[in-house]
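Next up: the structures, one after another.
Below are two complexes that have chain A in common, paired first with chain B and then with chain C.
And then the complex of A and B:
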């Protein structure tokens, strides 16, 4: 069964190959990442067939390597294939393949297209490895790898200020969450001495309460960072600065869902401490409601989808808080398909309308039939309309809450789905109906429409797999209760009707200024993203910048001052040495040289070629010689 | 007063000095050759004087003097020929202008 490792290995290989190529060669090798993701997809289907019909949480395949030794105990990196991993493999590879095929059309003629595909492959590999991982340490490694890829793809157009800032914000905010993961890892290693899922989950009942609380909260905090839950949700809307298909894969379907996935896996650790479960529930409810409200006031179509992702992830946290991992994972799965479909559709819409602002779109349905149909399917799934997949998964969440007697929470979830239906209707009516505001509207390329159609088909039929899904994961699947279904349909219907009343009634461009005035402060608060960014800016970023400035000043004045003093002293010493060299040593050398030169030029005067001059010299010399001889001999 | 050896030696010294002076100071090559002749004549006067007053019984001194006179005449011939040759080449016989040995 070791061929399962090829599932993450294939995209890794295509990343490694693309990495070493030049930009020009990469552009011609784009079939390589696409082929590798399809290879992974086929292997994932085979792996899924091997696990079928599931029904237990036991892994059917296991492999591990000793990675290091820590205090005499081996640290293993291990992988396993169980039903949850098999489902997630399928989700990641199907969405990944759809996004890669779509990107061929969407990123066509982009200058660094090859690099984009390389990072996308690396990301897919990391996510696949994360779902196969059976060791918290390996999970953490892949978790960080995905963070890196997310950073690289958000900042793909790093020439512009916006993507650059957004990528840093995303990286740093999720890093705040990752701190929780690290602390949880330390705590778990301290009591268990192993990172293996199996050992951690089997011994969790024997842990000291404090350790369980620390580990549980650490994991929850990490998941809140990765899955953009309040109060760490601020990075996800900004992350929309990256390429749209990358947003579809990373910031809608897979990476942001990794937080939910890890918490779902580690749910027994969280369940040890009741208040952590309550926190999960409250965080989920808050995020679901606030995300929906924020999505309702955005004008940028991608930001609507981003806040909607935050809100839907909040619903998954609600399911986790109600201790029902299967429901959370089912909503994760349906959401992955319909939200990536929505993002891909948004990409086509943005390409056609040349704007992301919904106020300047309109009437697209007349020119883009396929996009309109698929996008509407995705939107109605998001609004939880029967019989689309979103209806089944959201219905299960409400049913779980009612079953656990969380009536207030169920009410909040219904309110959130009303808001969801409202902004879905707003988005649909703004984009597809009303007067056309853009000329030369045209349908997207086949390579973009085909993946969307596939995802739309999955969204249409996946809901009916709802009981099978729960059974496969080892739970007990049931069809929706008509009473609960009626309640959730009512709330969705009310939201859609409200949206139609605001945006769909007239065929003119909708002007909501009068409503904004009537709602006053409430609208302002939502338009300002509920002041989260402003508060973080004042509480964390400005003091940090101030501290950094102070340190920089200290560095410049004191540390640099000392270093500069040393340097200046040395320069002075060198100057003196230079003077000595130039004056004394060079003086001696030059003096010898100029003496020789002077002598030479004086002696040269004698050799003037006038013979009589020589004769005179000889005569003088003879006279002198004679005089000397006489004086010596004394005559 | 009888004319003795000293008188001849004095004459010889005077002739030699005139010759040396002329050889080192005259510009014309012809004059320099004439001065050189004076030097050789001073030598010959010396030789004859010593032959007459020191060894009157042997004829060696006169014989050598005759040789010297012949050689001296030949010298003058060669010297003047050189001067002529130089004059033809350089259109001058002024010695200070013949400074091709200048280093």
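And then the complex of A and C:
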């Protein structure tokens, strides 16, 4: 079954080919990355069929090659296909294919369109490899490779300040998280002597508690960076500076979900240490709630979706913190489809309305029926409305929490659901209803609407796979409990109703200034992104830049100044001794002496006398030091 | 059987003499001679590398008496520690010639000096007799001195003398160490292999280690002995910078791995925490100071201080993995610092400035060049899949698994983050953005310039994707050395 390697290999190949082409040739070869992703998609479907009906965590296929030998131990880079990987392969290739087809329309006539597709292909390859990876080292390598692609795509329009800064911020913030991954790798290698998932998970019970804690927290921290969890969430909203379809793939469906995926895989490592699981839960809850609140005050439609992604990833962390990986992965899957759908829809909306600011949109439903329908399906799935996929996956999270008696957590999740439904309603009413504020509104191109329709269809039906999904992964799937479902629906309904009351009741453009005033500081804090950026700027970035500048000055003035002082002193000593020494090397002495008078030009003098002084220096030093060594030898 | 090592070492010297005999008015002949000689040396070094058996111990040995009265031998050979360094040295020497193809200021002298330098560096990595080693070690200083002092920037005389005296001062201490070992009753030889793990008294080892430390640490350079490096780099012509960062710095770490650790293992035990401390300071300090630089070349120079700190951390760790890491940093930094300095040189030729504030938007004006520069930057900041990651990762992994405190590893890992910061910020200012006035009409890189960068990029990729390609050479040496240090 080694053909499975072709799934990541096809996009890699298309990247490599596009890379070596000139810009003009690339533009005519755009079918290549699209064809390769469809090839991967077909192979992923076949792979899924091979794994079907799943039901266990065992891998049905393994491959590995010895990558290096370290201290006599072989280091394998290995890949495996198990049910989890099979599902993720489908998610990545379906969303990837949808995004690439969409991009053909969306990125049309961009000067560097070919480069865009090349990076998109490299990203897809890295994500697919990460999904198949059976080695933490390989996972980390792909993890970083995705970080690079994310950097390149966020900064795609690099002539502009915004994307440039956002790309740098994204790379560095996630790198802060990656330090945790590195430390976890070190700790794991120390006790296991291998990076293989299998060996790590089999031996985890025997590890010293401290090692398990370091490794578990390191992995959690890394995932928090990649999945934009509080307090490392700051990069994701800025990442919206990149092309919208790239955001759909990378910053909604796949890369940001990689953190959840890796933690789900490594959950036994985290579970060894209770406080790490509690931390996961608290981080998830905090992020879910704060992300939702922040989404509710954004005006930029992409920023709403970005904060919404942060919030939904928080829900996945909640499921992980409740030790239920299957539920987390199911929400990851449903979210991947409906959130990429929303981003693609946002791209069409932005093209049509010529703005990203929702306050200047409105009335789009009259001119863009397909976009309206598909975007609404995605939005309602996000708000967890029955029978859309988001309802089922979120319901499972609530049910898990109630089952584990995490009642407070369940309450927070329901509150977050209410907030989510509120901002969803706000977005829908702002964009699609009310008076038109843009002239010449028109529906998007078929190449963009078709992928959206496919994703909308998946969002409509995927929820009904809910019990099958858990069974496939080796868990125990059940249909929603009517009681839990009623609570979830109530919170979602309340949020939607609240949103309608603020934004949907009137047909005029809604002005919320009065509400902002009433909220006072609470609104200001949200509008300032809860001051995370400002605090980081003052606590880390500025002190670092100041410190670096001071160190550079220290290096030049003090350290190097000391070196120069030593040299100058030496020149003086030599000059004096030579004056005593006199005539034989008269000319040199004169040259040195006159030069040494001017402190600024002493180095020129040094060069005049260099050969002689060199010999003298060597000879003198050798004699003295050999004597010292003789003394030492005697000891 | 051809004396391959002698050819690798002495052929460049013969080439330099040949260049000296060329007529003065034939200004293009010297570069052709230099290129031909360097290419032959590279071919020989490649042959040596390909036929080298990683598990086979010392190979290509040439040994005969040189000064019998003093027990000095002409003793050369390659093992896993040195074989890739010789190959690297041969490769960078050729690339340096190609990069200097347009050199029109005293070309005879210039290309002769490049070849003499190759003799010195190839010799240092091949010599197994202390006196021979010392001769090559000092020989390296002379051509580098002239390369900086004659073809350098405005402050070339200052920089050249500083480089010369600083490293000379270090090597004088090294000579003292060599003599001390020779004169010790348990020593009595200059044979560097025979001296391994002789069991010198701990006190004696401590002092001799200190002497060697000064010699090697200046060369690496380890904080706070690094201040000659930025000046030398800023003033040096591009090819000299490439060789200085790509090879000369490796002589320092090579010295630790060839001399200090195997011959003085007891002393290493009491010194390792100190080396680790300086290594971590070098990593973080070098990266932070690089961040604050306004001159592109100085930024790259300080990045060398930071990166070589990882090699020193691996050496301080003394575990097989850490020693693998130190050697991997050596090779990888050889590729990447060379690439970075070549890139700086290329943009300097076009923009006539190295001020970061005066160059921007290279990606828009020179996309191929920008791709190469970005590749080198990302490889250098430790992107997995490229060579920089291999060394950094292994040095950190090795230090975590050693007897050193975990805090060294954690602090050094933070250095990885700072390393990413200065590289990304450099990319943001220089490569991205709107093209600046200084590069308004600059052409993209020529085939000749690309031919200096592409081989290094390919090697960096191969090393990063297939770790065993380099680690198979290091592993036997690292394991044997770790055993000496652990025993």
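The rule is short, and it goes like this: the second predicted complex is superposed on the first by the 551 of 635 C-alpha atoms of A that agree within 3 Å, B and C clash if a C-alpha of one lies under 4 Å from a C-alpha of the other, contacts with A are read in each partner's own complex, and residues count from 1 in each chain.
We adopt the following convention: a residue touches a chain if its C-beta (ideal position, glycine included) is under 8 Å from a C-beta of that chain, and two chains touch if they have at least 3 such contacts.
Since this is a predicted model, take the numbers as computed values, not measurements.
Trainee: State whether chain B or chain C is in contact with more residues of chain A in the superposed arrangement.
Mentor: Comparing touch counts on chain A for chain B and chain C gives C.
Trainee: Should A:172 be classified as contacting the first partner (chain B), the second (chain C), both, or neither?
Mentor: Once the two structures are laid over each other on A, A:172 reaches chain C alone.
Trainee: Just checking: does A:518 make contact with chain B only, chain C only, both, or neither of them? Give me first, second, both or neither.
Mentor: Touch partners of A:518: none, neither chain B nor chain C.
Trainee: Once chain A of both complexes is superposed, is A:476 in touch with chain B (first), chain C (second), both, or neither?
Mentor: neither
Trainee: Now for A:71: first (chain B), second (chain C), both, or neither, which partner does it touch?
Mentor: After superposition on chain A, A:71 lies in contact with chain C alone.
Trainee: Using the superposition on chain A as set up above, list the residues of chain A that contact both chain B and chain C.
Mentor: Chain A residues touching both partners: 604, 607, 610.
Trainee: Could you please specify the touching residues of chain B with respect to chain A in the complex?
Mentor: That would be residues 20, 23-25, 32, 95-96, 98-103 of chain B.
Trainee: Could you please specify the touching residues of chain C with respect to chain A in the complex?
Mentor: 157-158, 161-162, 164-166, 168-169, 172-173, 175-176, 179-180, 183-184, 203-204, 207-208, 211, 224, 227-228, 231, 285, 288-289, 291-293, 319-321, 324, 361, 363-364, 367, 378, 383-385, 389, 393-394, 396-397, 400-401, 409-410, 413-414, 416-418, 420-421, 424-425, 428, 432-434, 466-468, 471-472, 475, 478-479, 482
Trainee: Chain B touches which residues of chain A in the complex?
Mentor: Touching chain B: residues 604, 607-612, 615-616, 619 of chain A.
Trainee: How about chain A: which of its residues touch chain C in the complex?
Mentor: Per the stated touch rule, the residues are 23, 66-72, 75, 140-141, 144-145, 148, 155, 158-159, 161, 164-165, 168, 171-172, 175-176, 179, 182-183, 185-187, 189-190, 544-545, 547-549, 551-552, 555, 559-560, 563, 567, 603-604, 606-607, 610, 614, 617-618, 621-622, 625-626, 628-630, 632-633, 635.
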